[in-house]
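Each remark here refers to the structure printed beneath this line.
Labels A, B and C are assigned to the chains in the order they are written; within every chain, residues are numbered from 1.
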Amino acid sequence: MSWWLSLSKPRLKSKKMKKSIVKEQFARLLMYLSIVIVLILVASIIWTIFSRGAKCLTWEMVTSLPGGGFYIGKEGGFLNAIVGSLYIVLASTAIGLIISVPVVFFLNVYLKTKSKLAYVARLAFDVLFGIPSIVYGAFAFTLMIYFGLRTSLLGGILVETLLIIPILIRSMDEVAKNFPRELLEASYSLGATRWETMGVVMRQIAPGIATATLLSVGRSIGDAAGVMFTAGFSDTIPTSLSQQVATLPLSIFFQLSAPQIEVQNRAYAAALVLTIIVLIISLLGRFITNRFSKHNLR
Amino acid sequence: MRTVTVVALLFVLVMGWGLYQKSAPILGEIPLWNLLTDSTWQPFKNQFGFLPFVMGTIWVTIIAIVISLPLSLFTAIFLTEYSRRCVKKIVYPALDILASLPSVIYGVWGTLVIVPWISDKLAPHFVDFSAGYTTLAAGIVLSIMVLPLLVSLFVELFSSVSVDLRDTAYALGSTRWQTAQKVVMRKSLPGIFASVVLAVSRALGETIAVLMVCGNLPQVPQSVFDACYPLPALIANNYGEMLSLPMYESALMFAALLLFVVVLLFNLVSRIILRKIEEN
Amino acid sequence: MKRFLLRRFLANDSNEPFVPNEKFQHPEVASELVVDHFNLSIDGSPILKDVSVTIPANKITCIIGPSGCGKSTLLKSLNRLSDSIEGVKTSGDIRLGDTSIVNCSDSDLVELRRRIGLVPQRPTPLPMSIFGNIAYGCKIHGVGGRRQLRRIVRHYLKVVGLWDEVKDRLHSPAVKLSIGQQQRLCLARSLAVEPEFILADEATSALDPVSSKIVEDLFVKLKEQYSIVMVTHTLRQALRIADYVIFIYMGEVIEVGDAQQVFKNPQHELTQKYLSGAIS
């Protein structure tokens, strides 16, 4: 029983303890490293886009259409792409909202919480959300051929609408799902119909709709693979739904693959414009969630 | 409203069916197995071997996950287990920015930063020459694109592990890392798996960014410094000329079908698992 | 040390003598927990105000008081689990024997937390098997060897009277046990690292009456060998098992003393009101 003695006097830390402390510090080191890498990556992306873009960006570029010989480095700008993107994004977001708001209401007000249909529907929208935009593009393209449509503004709007509907629905649904059902019951017990109750729900999930909208705007303005097939490209601003239309991401992509430095520089400028738009949208989204969500019942 | 919901459900099926109809001609001519294992790609000689594209996709995705998984795991553990508010205030907006940037911007950044870095700094240590437009470049760019998705999924998983469970582990004398590793991560293991599957499916379909840095050579990449040609890039690059040959169009639509089916399955699996975790 | 061997032996129902683990150190005399002018605030609002009490060894000490008065926070401060609360600030000191709990390094904290076990409010089985749950604490403190671990697991399962119920399914997940069994498992798990103190945060409140009684009886049996601190919301429970009582109201210690004395002859007006049910 000699180990008694060794125990009664204060001992140094055990080997295992030392080992686990070393492990702890090593893990901490790796974590700091990961955080630093992530931050450096973000900084690098932002810095690269801003520094390269700012050098090339001029007022003329964002206010004029491509001139003659634009793609071999002659003058002109990419207003066509900016306006084209805005057309597609605004139209598709509007149509998307018209379709998806009723679906969200249906899922959350009409259907019971444990409904099978709601489960399957949510799953389906999640899956649709995950389908890559190139597949949407390819599918929409075959549809358009089937219906005898040519690549056009209409095609671009349609494919972007299809693309953002799952995003709109699922992100609004996340907010609506947390909506306290007691409030519904309170409304019903006051003798309100389902339709009137929707007004109550609407007020509660308004910030949710706003963030969802911003999210889908951000997604559709940056999407290139979908519109590549369906909207085509054009050097002018379209005047009807059946004309081809340019978009910012595609404009960046095409200009960057040109061999001339001048054209590539314009791609960097366009990339800067796109980045600024997207950053503003995401800041706005953050602001709305922070500002308005605290007024709501949780 | 019920109709709208049901139509949305049918849309998944219609999409699969439409793509299948379009790819039926090539599937009728060349057996599926040959399509996937043949590596000769000469559309104008009617030879459609998808092996280079399939391998390109797989390689790029594996590289992306290998890089982003440890990075996002450590970041998420740090955010949920270690950090105080001030760190979160910097890291979350940074991740938000990553998540909101369009893929073409990642492409631009990739060609400006990653491609020259690989061709000038990294590749000379390993191979004689590399243009920089490589499988590795595509993998790196892709890994950063799936990073915010993985981190946000992980953070959600880890913060759903109850405080009591952590306290229990601490009270037994665990260090923070032991708690994170043996309790928090172990408890979220199914969720981590599902998240990775989801990230893989996201990576599989990424088009423009990858297209801009991967080199676009229809070959089976032998090393990470070889150019590759993933499936989405194949579709995007050739949509213009595909109408010239019916079989060519069918081949590209088969590529889209392939992507659709794989992404659909991966998404279903991961979403069902995540849903189950959320319910508990 | 002799004292320790003796109490181990008493606890063991089986014939085989139980040898305490040489990896764990035990003081010659059982230590007291001394809380010395301890303050705790969260985001600037004070939760505990100038708390000074001495918690005696080898007794059941009950912390009572109306809900939201800071009972649980005090309990969590005793092994510094309060660290994980966001925005927490403390001053003053808490000592176990002559080691300070408030001002110690992270590595000392690990050892201190081993010496103070915790039984949480709701049972928290770690995401492992029954065996793994009990062996976990020993493993992280470097107690190894399959045979030794098996002996430890068997011993502590017998102490909490769970052995006969689970001996055939030691390797099935712990979450499959009933709630009452899980709580006894949690108790066994914290005993397995040979603590001196056991903190119990309303440990019976989530249990059915029968399991609740079993756990209560266990505490009474265990007090010969361990010092037990309990937060309880049921006065009757405190009446049944407490040796020593701390009454807290609005973050302040109002009355401390022997259970008999506090319950039969409360000195302070607030205590009288609380005991008569006027405040709750």
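For this structure, a couple of remarks:
Note that a contact is a pair of C-beta atoms (placed from the backbone, for glycine too) under 8 Å apart; a residue touches a chain by one contact, two chains touch by 3 or more.
Given the structure is predicted, the values throughout are model-derived calculations rather than measurements.
Taken as a graph of touching chains, this assembly is fully connected, with contact between every pair of chains. The greater number of contacting C-beta pairs, out of the two interfaces A-B and B-C, is seen for A-B.
Separating the CA-averaged centres of chain B and chain C is a span of 48 Å.
Chain A and chain B have Cα centroids separated by 16 Å. Within chain C, the positions touching two or more other chains are listed as 106, 110-111, 140-141. The set of chain B residues that touch two or more partner chains comprises 175, 178. Touching two or more other chains at once are residues 20-21, 24 of chain A. Taken together, the chain B residues at the contact with chain C in this complex read 84-85, 162-175, 178, 182-183, 186-187, 189. Touching chain B in their complex are the following residues of chain C: 76, 79, 81, 84, 86-87, 106, 110-111, 113-114, 116-118, 120-122, 124, 126-128, 136-137, 140-141, 186, 189-190, 193, 199.
On chain A, the positions that touch chain B within their shared complex are 20-21, 23-24, 27-28, 30-35, 37-39, 41-42, 44-46, 48-49, 52, 99, 102-103, 105-107, 110, 117, 119-128, 130-135, 137-139, 141-143, 162, 165, 169, 218, 221-225, 228-229, 249, 252-253, 256, 267-268, 271, 274-275, 278-279, 281-282, 286.
Note for the complex: chain B touches chain A at residues 1-2, 4-5, 8-9, 11-12, 15, 18-19, 22, 70-72, 74-75, 77-78, 82, 87, 90-91, 93-109, 111-113, 144, 147, 151, 175-178, 180-181, 198, 201-202, 204-208, 212, 232, 235-236, 239, 252-253, 256, 259-260, 263-264, 266-268, 271-272, 275.
Chain A makes touch with chain C in their complex at residues 3-4, 7-8, 10-11, 13-17, 19-21, 24.
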